[in-house]
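Below you'll find the structure I mean.
Letters A, B, C and D mark the chains as written, and numbering starts fresh at 1 in each.
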Amino acid sequence: MNTFGRLFRITSWGESHGRGIGVVVDGCPPGIALDESVIQPFLDRRRPGQSDLTTPRSEADQCEILSGVFDGVTTGHPISVVVWNTNQRSKDYGDIKDVYRPSHSDYTYQQKYGVRDYRGGGRSSGRETVARVIGGAVAQQVWRRAGGGEVYGFTQAVAGVEYAGCEREFIEENPLRMGDRAGYDQALATVQALKAAGDSAGGVVEVRVEGVPVGLGSPAFGKLEGDLARACLSVGATKGFAMGEGFGLAGKPGSAANDPFVQTEMGIGTERNANGGVLGGISTGERVWFRVAVKPTSSISQRQTTVNAQGETVEIAVQGRHDPIIVPRVVPVLEAMTMLVLVDHLLLHQAQCGDWLGSVGGG
Amino acid sequence: MNTFGRLFRITSWGESHGRGIGVVVDGCPPGIALDESVIQPFLDRRRPGQSDLTTPRSEADQCEILSGVFDGVTTGHPISVVVWNTNQRSKDYGDIKDVYRPSHSDYTYQQKYGVRDYRGGGRSSGRETVARVIGGAVAQQVWRRAGGGEVYGFTQAVAGVEYAGCEREFIEENPLRMGDRAGYDQALATVQALKAAGDSAGGVVEVRVEGVPVGLGSPAFGKLEGDLARACLSVGATKGFAMGEGFGLAGKPGSAANDPFVQTEMGIGTERNANGGVLGGISTGERVWFRVAVKPTSSISQRQTTVNAQGETVEIAVQGRHDPIIVPRVVPVLEAMTMLVLVDHLLLHQAQCGDWLGSVGGG
Amino acid sequence: MNTFGRLFRITSWGESHGRGIGVVVDGCPPGIALDESVIQPFLDRRRPGQSDLTTPRSEADQCEILSGVFDGVTTGHPISVVVWNTNQRSKDYGDIKDVYRPSHSDYTYQQKYGVRDYRGGGRSSGRETVARVIGGAVAQQVWRRAGGGEVYGFTQAVAGVEYAGCEREFIEENPLRMGDRAGYDQALATVQALKAAGDSAGGVVEVRVEGVPVGLGSPAFGKLEGDLARACLSVGATKGFAMGEGFGLAGKPGSAANDPFVQTEMGIGTERNANGGVLGGISTGERVWFRVAVKPTSSISQRQTTVNAQGETVEIAVQGRHDPIIVPRVVPVLEAMTMLVLVDHLLLHQAQCGDWLGSVGGG
Amino acid sequence: MNTFGRLFRITSWGESHGRGIGVVVDGCPPGIALDESVIQPFLDRRRPGQSDLTTPRSEADQCEILSGVFDGVTTGHPISVVVWNTNQRSKDYGDIKDVYRPSHSDYTYQQKYGVRDYRGGGRSSGRETVARVIGGAVAQQVWRRAGGGEVYGFTQAVAGVEYAGCEREFIEENPLRMGDRAGYDQALATVQALKAAGDSAGGVVEVRVEGVPVGLGSPAFGKLEGDLARACLSVGATKGFAMGEGFGLAGKPGSAANDPFVQTEMGIGTERNANGGVLGGISTGERVWFRVAVKPTSSISQRQTTVNAQGETVEIAVQGRHDPIIVPRVVPVLEAMTMLVLVDHLLLHQAQCGDWLGSVGGG
């Protein structure tokens, strides 16, 4: 199941330690301006080696478009894009060939498939998200062309501490991708202390989308929140999803949880957008917003006990190049997944409810 | 998008105030014992009128199998099941025809489709979940036949208070479907006080599945947690999903979040199953468990301000028959969605990784 | 696999000798006028008992809409429609419980599923096509609303003899649904002679669609002819599909097979539309036309040899009520399948290539 | 719509004059031996330049596996394979940029997408079938491992003349891929005469599969013949599909068309396998066989009249490198599509009807 989406679809392939990571984007409308320079900035935000808070594995992660673009625009046909792997160090992984690293997928993989590329986790490597970021970059071109607004995510909590603020321009200025300038120093100190101890930190990402048209999504199994949740929880290391006020909303009485409609100069909206821009599974036209829990990096250099393939208890200290906190690098991936969901629903909406009936008379 | 599942699929139809609610279950293996008496207990657990904590709308909710069963077993063909509506009181809804009730889908529906069955919410009615419960009941027959263990949910939090205990047999003995016997009186008092005030309560449901084989799910877009999240958040009133320790896990350092593998007499497991029975998107063979946030019933009899279709501010007190807390009735729906996901993955797993290669030589 | 279509989808259920036959139509645009009286004429053209050339089994085949329509128009939600079975005579089938009738599906069904409703063929009964005709009737409402032209089929060959003419109005005036008035008497005599001999006739159906917009379909796996072929060959008793001049085109040299483009007052067209209105898998804007081979009714009253479930050679003379020629009753079914394919592609086309980009700016 | 298959899926990308042609094979069982040397012979049978009957465009068509294989076996993850384009001569196509070549897709493409890679037909190029052949090669490894028998196609008719014989070993010995040794000289002379005249020939391909297990396919929309028809008619230049005796069967009376079951030492079979190894949409366990009409190459060097994008009548003589008969090169493509359909159904069958229930008890 390596294809995502109903109409705007990506098919992802590749392993951390194979030839590269690639994606085929299918269903894209024709005539959208696209070349490598459009996609590359999205990859640059995802790639490792950007600060001492990310793995020192340095990959240029240059993308190459192999099909689906002609004269600078999409043709309506499959857009194949690849990022070649250039910095593989397989020797780092030989000693964990038979060890099931705690909270990694080594064990379940081995049990399910019977064969496993133990170098870097195979398909469960975080490197697979390169494909998603490329797909999201293409989706965002369609989204913007259709009149959609900005999508951005930021680190909303670090190591259990929530940070309320969100200065839009600060996000890309700090390696934690926090929005809260005031809380940054504290959060950074926390992460660096954990790193120094051979430990790691988790956190929460908030994603926001502006300029969402009303009417995306559908009741029953096409609810926007369900599709967003699946999209986000298909990213490695994520453990929870909350739409709008999420679990907090569940703790309030109805009289406080309810969010009255109000008439504004922009049209009908709600008082506080508690439901995250979605009601009954369908976008309200307000900001779409949700939060995703990201667990701490499983690979830590502290010694841990676990078992090996022979069922023996062993000690392990995971070597290799790993991020002390993966949260900031998950941000562009979640943005990408969000774009994929929204553009897919945009196309679905045009197909079923667009204003085209009566206009396509035959020749 | 009213079909759910890849191989074991349900197609849901019907409205709260139409002829009935129905479902077509497709892809079910042949030879599974099935008749109405197998399905009915699942519906009885979902239906309203079971206590003074649920809507007094009383529906017998008797199911009728229309196809796909012959001589008491499934035939491998579509199983069509219907529950006829018998207790519709459309007049209750006439006065809200042009009013957008707070936190309801009235507004988004009207904007998207241009036409709307204002009686009971149309497809966004909670009554649509009848179809899911039927589908889940059939799925559970396949699950059990395949050797799968028990699935059950319970109310883990009420109005913001978490209740830690879970006595399995207590769940069906109390109208809140709580598992914590000690906390029950307090939770009940909270809900009754809110009801008396014309208000409502939300909560959290925890779902557990025992006897899950290792190997269900796949990396990338087939992650079990992603599919479970989508399944659960496609149920009305849900706002959040947490796999295993969820958001809590994101707050811990890696050294505490990691969950070492241990060798037990049952085989390889983990110390505390923090990840909810899933690693890398694939089941570990341990209990699958997760939590779902359910917001308080939006329909409350307290006066609220909102706007109508003309954009005028109006006051509304939602009449009709509504549950002061919907959480206990969501429990069997989430169990059903869980079964649908797991059986679908069971079939997917058999198709790709089952032990059948070499055994099907042609004639 | 009882769901057909990508965006405009039908899910079919029911058996010949069960409670009824039904269909759930999903993905239909909202606001399309629909009630039972719109669908019924389509069913009336399909139903048995219309002449002495069809099975004397007489079913009223009255349809009933159970969901998805409100105030006389579609709501955009699943349209569930049922036709209850009223004239089942199961005793006719008891003696063939263990016999594999020649050219029937008895044997393959039994082998695949292990359980089989031997009364009337279960899901392989021609009665299953009731669901398709209903789906096609709904699709046609969308097609017409979108500006599409007429779709009609007719019997183009009977018992190996081709009849070239096609008078549109004659088709529904004769029980063979032939278009060739001059050849009708001969064809009728052929069929009646076969019937008198306890034998049956096959034939070829031609389907035509006028007013098809240019641009439906896509290269690779979305070719219109591939989707039409699958749609038609999913109808029982069909054995071949030819797009436009079909096999005849394969026999000509390129210089004669090629069909030059010409400029007409209607726009660009071709000299003779040899390719059936499709080039490169995409509609040209000309008439879409193709032919489908329908084998003679397998159930004949002449004695035949076959084997039973025990592998013994037995003689059989198929009793029950059967058509001496099924071809005319296949006509409305193929029209329905054609509509389902075209409307699905219409929606797909609007989603990907419709003129909506830039017009949906968020709120 | 560039993905084919339900469980065993291929996603095809690439253009004739872009960087290359590629495919992502998803859903493949793990543990199947695979490397480039397994796939290459399939491509070698498809590639041009093999005789003076194929285009002199010479491509090495060397495949490269980019993912999904580890230690010489499939991993169960996406298998990405690419063939780089090496012999593009874009200048050949500049003069036809604005001309709609007869029976080509130039016109429909332009109308649908508004943008078109006029060099070699873009996605409608025959070169796209490289992706299918690779996918079919992988599928065939699964098919063999599962016990399936041989699949082979051959040219059964050339330029309107049918050739009855089929010597298996002769097929790959002659450039027409005919099975009829006796008729070869005549057929070759016909094609060479057409070529000399700047013309081209069409024909019919017959495909046979041995060792098919009974039970593949399903009634309604999963009929094997429907899926095979769609698969074959999704290949460019194909115009018709006939299952077993096909259109011929439709011309016989039922008493002659019917094909009695007989008991053989191999099990239950039929007298002459008239239905092509399928009854009721499900394989009988006999040879699966069908025929596909292939029109003559549209690109001929004879002068033809057509119109250009401005609607003016122009004369054209298609330059470039083209096959005087495309039929023999379609053979391996149809074999590939057949394998893709059968393996997909094999997996579907295992999922729903495989002998696994009760065997997967959880841990």
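Basically, a contact is a pair of C-beta atoms (placed from the backbone, for glycine too) under 8 Å apart; a residue touches a chain by one contact, two chains touch by 3 or more.
It should be emphasised that the depicted structure is a prediction, and the values quoted were computed from it without experimental measurement.
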item: Partner chains shared by chain A and chain B (touch criterion as defined above); value: C, D
item: Most distant chain from chain A, judged by the mean position of its C-alpha atoms; value: C
item: Rounded Å distance, chain B centre to chain D centre (Cα mean); value: 45
item: Distance from chain D to chain A - Cα centre to Cα centre, in angstrom; value: 38
item: Overlap residues in chain D, where contacts from two or more other chains coincide; value: 1-3, 12, 27, 30-31, 76-77, 112-114, 122-123, 214, 218-219, 284-285, 348, 353
item: Residues of chain C touching chain B in the complex; value: 1-3, 9, 11-15, 18-20, 22, 24, 26-27, 30-31, 66-68, 70-71, 73-80, 82, 112-117, 122-123
item: Chain D-touching residues of chain C, taken from the complex the two chains share; value: 1-4, 6, 12, 100, 102-105, 107-109, 111-114, 121-124, 128, 157, 159-160, 194, 197, 199-204, 214-215, 217-223, 225-227, 229-234, 236, 238-247, 249-255, 257-263, 268, 270, 274-276, 278-285, 293-298, 300, 302, 304-307, 311-313, 348-349, 353
item: List of chain D residues in touch with chain B within their complex; value: 7, 27-31, 76-77, 142, 145-149, 210-214, 218-219, 266-267, 269, 284-286, 346-348, 350-363
